[in-house]
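You will see two complexes here that share chain A, one where it goes with chain B and one where it goes with chain C.
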Partner chain A sequence: MNGKVGTTQAAMLIVNTILPTATVVLPVIISNYAEQDAPLAILLSTFFGLLIAALVGSTVSRINGAPFLTWVGEKSSPVIGTVLGLLMLQFYLDNTSTILREFVNFLKDNVLVNTPISILCTLILLITIYMVRQGLEAIARVNSLVILLFVFFVPLYLFGLSNEMNVHQLLPMFDHSLAELTLASITPTTWMSEVAVLLFLAPYLKDPKRARIIGWSGLIVVALIMMFSLITTLMVFGPDFIKLSTYPGFTAASIVHLGRFIEKLDILFISYWVMSIYLKFSIFLFATVECFKQTFRVGSSRPFIGALGLLILLECLYTWQSTEKLNLYNKEGRFLVFFLFNVLVPLGAIGLDRFKKGKPKQKGWET
Partner chain B sequence: MNIHKKILIPLLCLPLLSTLLTGCWDARELSELGITSGSAYDWENNQWKATYQVINPSSGSSGMGGSTGGSTSSPPFVTFTVKGRTIMEAIEKTNLTSTREMFFSHSRITVLGESVAKHGINQLIDMFLRKQDARETVYVFITKGEAGNILDQLMQLSKNQGAGVQLMIEQESRLISYYPGVQMFELAMALSSESGSAVLPEILLTGTEIMDETTETGRTDLKTRLALGRLGVLKGDQLMGWLSQKQAFGLSFMTDKIKTATIAFSSKPKSGDKPDASYILQKSKTIVHPKWEQDHYVIDIDIKGSGVLSEVGSVMDLNDRTSITEMEHSIEQQVLELVNNSWKEIRTLGADVTGFAVRIHRSDRKRFKQIKKAKNWDSTFQEIEIRPHVSMKIERTGLSNKSFESVHEK
Partner chain C sequence: MQALETILSCRQNKELKTGDNNAKESRFQQNRGVMMANKQKPARKNASVPSENSVPAPLPLDPSLEVNLQELGKRIGQSSDVVFRRFTNESLSSLALAFVYIDGLVNADVVNQTVLQPLLETVTLKSESITATDAFRMIKDQILPIGGVKEGKTLEALLSMLFDGYTLILFDGLQMALAADTSGWEKRSVNEPTSQGVIRGPKEGFTESLRTGTSMLRRRLKTSDLRIEEYKIGQRTQTGVALVYLDGIASEQVLKEVRRRLNAIHTDSILESNYIEEFIQDGGLTPFPTIQNTERPDAMAGGILEGQIGIIIDGTPFALLAPSTFFNFFQSSEDYYQRYDISSFLRLIRYGAFFVSMLLPALYIAVTTFHQEMLPTTLLVSLAAQREGVPLPALAEALLMELTFDVLREAGVRMPRTIGPAISIVGALVLGQAAVQAGLVSAAMVIVVSFTAISNFVIPSLAIANSIRLIRFVMMFIAATLGLFGIMSFLMVLLIHMAGLRSFGVPYLSPVAPMVPRYLKDILIRVPLWSMTMRPKTNLGKETRRQGPDQKPKPAEGKNSQESGQPKPQGEDPA
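Here is the complex of A and B:
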């Protein structure tokens, strides 16, 4: 079932690896620091994101499609490989459970107010386990179709809000100091660093040498969509109101109207978002399972998907019960953890590879 | 063994199908919902007094438009008035009297009584932005007396009163532009902006008697109708005062909210100021440019418009360019007067409904930051000098070249 994924499909996977929760969580955090300068913060974080993508891409090119943790074990020692695997497994379990929590929190806030969280989590998990069992290729195909639906949703959003948008709401530009912009760009950079999921998708890429291109193109699309979403929301609500709303993008969608006959379209946009976050969740569950497989060197991960799912479910239900705790983690804690696993780990892998290969020959000095 | 396995697995999976029913926790039957089309809030004895207008599904057509069928005697909507220490407590109390659960997603209007506007409306806005089924696109109005009375009044040409009032305000802002309709999110935006002020159109009953029986709407000329009145001015979250329709019209020019408008003016200002001609303003654009001069801000307000002449009551040859120029000048004077009158009243009220704070922040952010830091925007606002420049063009003169008054001159 696990066929190989092409470069374009992989880039689209990167888009949905980052975008669904980014559109929900980031606007409030960014605009609290940067207000109308929020687009600049996105630019800044995209720059850092592209650097991280280059780092991850280089790592994937070097390991050339081999399982990452196995490669680390071979290059260093099996003990280091296993220890790193255990730590990364913990990281991916935490990350996947926060995604699930953000998913259900959003559903509880907006649509299914009375449905118990445990039921929502279980159902979402069962569907996602089914998706993961179908393999990455199937996820990538569905993902491509979901991304193509942007062709319908973006113009609808744009035309529906055209009367409400005021470009002057973006003024004055450069009103915030570099320190404020940097603070605003830290959390989006954290999200962009999720491109590191490529480390675990590498064995399923048709052309792992192009991992850098995959990361870059995925991130550029994410940045463009984030910019689009933030700029339109800012033009509609202005920098002050946007800070009040938990989900400004969806609040904007709720005032989309075409004449008097099409109004209150937020539910349509929410449905689309639900499709995308299912894909995000499945990609992360897939990466978690892959991490488990490589750490414990099991031949088939299929029997373990359910067990890992159960762990994620329990963590989601009991560790992230409090919304304030999750918000605080997103705002302040995530950066450190993500920097450790999404930046330092690939950096360490490159260092290890260079160390093993020894110093390259110095060309140009020989006569 | 295999057969047992084949039976056992589906049996074990069967309970899992129940998870597909997760949506049922939130399922609501249409017949159990009370769809509100409007709500009104008053502040009475330190309590919120909320009135909800719920569409009556059993009402049929009764000369007020709409589809046929159903009972003609029952009113198109019913109202519930409840009290509570908080708004939600009041809302929940409707369940003590109503057979249907309130459903707010289809609300069209919200009316605030003067008592609420004086008490403060932050709590109400918060509820609208926070509550999952509340609609932030409802049009908000203010009324001098008790807001609940407004929702009791029946309308003749629209069965759904909430939708009818929505049409009224949309039509008003599209055709005469005295003031724009204000939706809940726009109110929240205005109050949370640097200006911290907002406006709300007034809705009122033209008579003393409330027409709340379906038989009363059978008359051609109702004793009491719903009408749009002045413009309420809010600062912070409290009512500061009112602008008359003319002053509101001037504000619309200052804030670039004019879509189409009719201006009555004197066609021969030298002969007298009495308006005897009308001009339909079809296009209008206002550019506001603040600048710092010595010790205060000067706001240049450039208003440019064009339109068509629709009525002339004096002897006039409309092929003569001088007459047209004279009339354009007269229209410009009218607009200038509107703007100046409006500004005078706004300055007296001390509420920046013009959005000058936002404009100044955009064009002079350093000085604005200082003003904000020193918390002296109010005094800065009082010292603002406006310099309106108006340019109006008569593009067409309609289907007649000479005024009909010229016939008698012969």
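Here is the complex of A and C:
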């Protein structure tokens, strides 16, 4: 079922790898540091993100569509490959379970207040397992359809809020120091670094040599949408309200109205967001499964998807039970972990490749 | 005809008593016994497992006419419609012939005038010196004034032709027989399609006859590239199935796959196109159809011109088209018979109707149960007032009305036409208005269910409209349990399922996912015909030109172009 994914489809996958949780979690964190200068922080994090994308893209180009961990094992030693695989598997399991928790927390807060979290988690997980079993090609196709829906939702959001927006809320600009902007851009950069998921999507890319383009174009779209979302929200509420609101983007959507008949459309936007985050979750579950497959060198990963899903479910239910703990991890712990796995690992892979290429071959004695 | 009767009577015409046995029959028994023993070996392992082959293995003809006739009679049984006639007179000629045909499947006039009469009137056949081989050649090449004359060497081949309306001519001393095409059974005339009517466009539909179907396509596609491959599927029904495609346009890969799947069908009966559809369609348990069916020859010709492969099945006016994508089911042949703007509008309406038909009751349930804040206050107050006296929850109310509608719809199909208006009144007044007045359901729910039902009929393909009927019920249950989140989750499942689906190797959602922008000219809307110059490779594997570039109509260039460049109407005198 796993066919190859084209460059445009892969770039769209990167968009939904980052965007759904970024739109929910980041506005508060960025606004706490940068307030009305939040768009500048996005620009700064995009710059760092593009650097990471270049790094990841170069790695994927070098491995040329081969499974990443297998390649590392061949270039160094199988033991190093397996150890790295185990660490990355832990990273992806953690990451996927936090995505599930953020998804469920949002639903619990906004949509299904009385439904038990375990029911929601199980349902979401079952659907996502089905998605992963259908393969990356099917996920990429649905993803491109969902992204196309922006054509409907962005104008609706914009025109629905046009009467509420005040451009003066963005002033004064450049009011924050570079240090504050850098602090504000750290967390968005960790989100941007999720582009490293390409390492595990590489075997399914039609043209792995274009991985850098895929990463860059995906990140630029993410940055544009984040900027759009932040600027409109800032213009509607101002920086002070955003700091207080948990989900400022959806709060803005709740005041969207066209005339008197179409109003309170937050549930519509939430429904759209639900589709996006399903895709994000499925991409990460796919990467987790792929990581498992490469680490343990199993021929078919299909029998293990359910087992990995169960691990994710348990971690989501018990490790991230506390929302405060999750927020703290997002704000402080995430950067280090992401830096290790999304930046240092590809950097190490490039170094390894260069070292292997640069190492002169031992010449035998001519007889 | 009197002369014919006289000759026939003096030649000892008689009907064979098929139950008779003689010594020669035992050899047939032995032969068949050996053949069947081989086939039946696996069945002995487990007596409860039926034998795979329910039809005997091919049996070559015996040189003896008598034995052949007895075996034929035995195979067919005491069927009164099978006619055996002998053509022997030992005093005049050593040649012994027999005719076999099935009354009702043959045209009696054709049998009499083109088979019996020429044979009886030919003097050479009556000479003593003529051998069976010479007679066989002469009859085949000179005497029979019929286009379709075939040779048969086994009883099975002959039986197959016999059931197709051929008249068999068996010879004594030969292990070959002739079969003359005398088919001519009663057929339904070509009528307007009942399930796919159009306002503008051809009004003729396929009939149950395979040959009528292929001829209708031949009349529309007058090209030497049109290929018709015939298959006989169904051990007992031996149903004729024709694979129709345009050589060079249909994908070789798809063709190979269709042939493989048709050849792999191992069943004893094919009675309608759905039998073939279920055996060859992709997706297994998918609720979505991956093969189109149509009873319009023009729609089939259009599909074949787009690179699809047509499958016409004898005995049903519904033919199949494959591969079919999701968007094919929203295209109607009428889209191309009227202006592009109205066609595009209607197509958008159809997509809208698709979503309404699938989602409206579920959305109503979700909004009234979970997300009341979505509704404008006035509408919310109005709905609340309507539902105040209704004792049922929204789901039960919706299920009640939907099931009632489905019962009415099913009754409408089965009941005699004269009772139709009465049932309409019962449905509209008693179950609609009265239910609202009695306070069993709210008026809004009646509107929702009615609009859903009407929307379902907007979709041109009954196959996909039926699949939505089932999905709608699942949606309603999910909406009542998880609200809009549930609907979105189920939509995601449907989308991912469709994205993973293929019809003979073609992605089901193509050309939207995977997206090929230049192939979207005939998907959500239909652009003018002159703008669709290239034939999409969705069904093909290669892109082919449909028409020349710059086909957009425009006035001729130059001042006097109208006078000099415009051709005169046909038949107009140049002077």
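FYI, the second predicted complex is superposed on the first by the 358 of 367 C-alpha atoms of A that agree within 3 Å, B and C clash if a C-alpha of one lies under 4 Å from a C-alpha of the other, contacts with A are read in each partner's own complex, and residues count from 1 in each chain.
The rule is simple: contacts are C-beta pairs under 8 Å (C-beta built on N, C-alpha and C of every residue); 3 or more make two chains touch, one makes a residue touch a chain.
No experiment lies behind these values; they were computed from the predicted model shown.
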Between chain B (first) and chain C (second), which does A:314 come into contact with in this model arrangement: first, second, both, or neither?
-> neither
After superposition on the shared chain, which partner residues are touched by A:115: those of chain B (first), chain C (second), both, or neither?
-> both
Regarding the shared-chain residue A:138, is it in contact with chain B (first), chain C (second), both, or neither?
-> second
A:9 contacts which: chain B (first), chain C (second), both, neither?
-> second
Where does A:278 make contact in the superposed view: on chain B (first), on chain C (second), on both, or on neither?
-> second
Touching A:123 in the superposition: chain B (first), chain C (second), both, neither?
-> both
Which of the two, chain B or chain C, is in touch with more residues of chain A?
-> C
Regarding the shared-chain residue A:261, is it in contact with chain B (first), chain C (second), both, or neither?
-> second
Considering only the touch criterion stated at the top, classify A:245 as touching first (chain B), second (chain C), both, or neither.
-> first
Chain B versus chain C as contact partner of A:298, first or second or both or neither = neither
Which chain A residues lie in the overlap of the chain B contact set and the chain C contact set?
-> 111-112, 115, 123, 263-264
Tell me, which parts of chain B touch chain A in their complex?
-> 16, 19-20, 22-23, 25-26, 105, 129, 132, 135-137, 183, 185, 188-189, 192-194, 361-363, 365
Report the residues of chain C in contact with chain A in the complex, numbered from low to high.
-> 370-371, 373-374, 376, 482-485, 487-489, 491-493, 495-497, 499-500, 507, 509, 512-515
Interface residues, chain A side, partner chain B - complex | 109-116, 119-120, 122-123, 126, 168, 171-172, 175, 237-238, 240-241, 244-245, 251, 254-255, 257, 263-264
Interfacial residue positions of chain A with respect to chain C in the complex = 1, 6, 8-9, 107, 111-112, 115, 123-124, 127, 130-131, 134-135, 137-142, 144-145, 148, 260-265, 267-268, 270-271, 274-275, 278
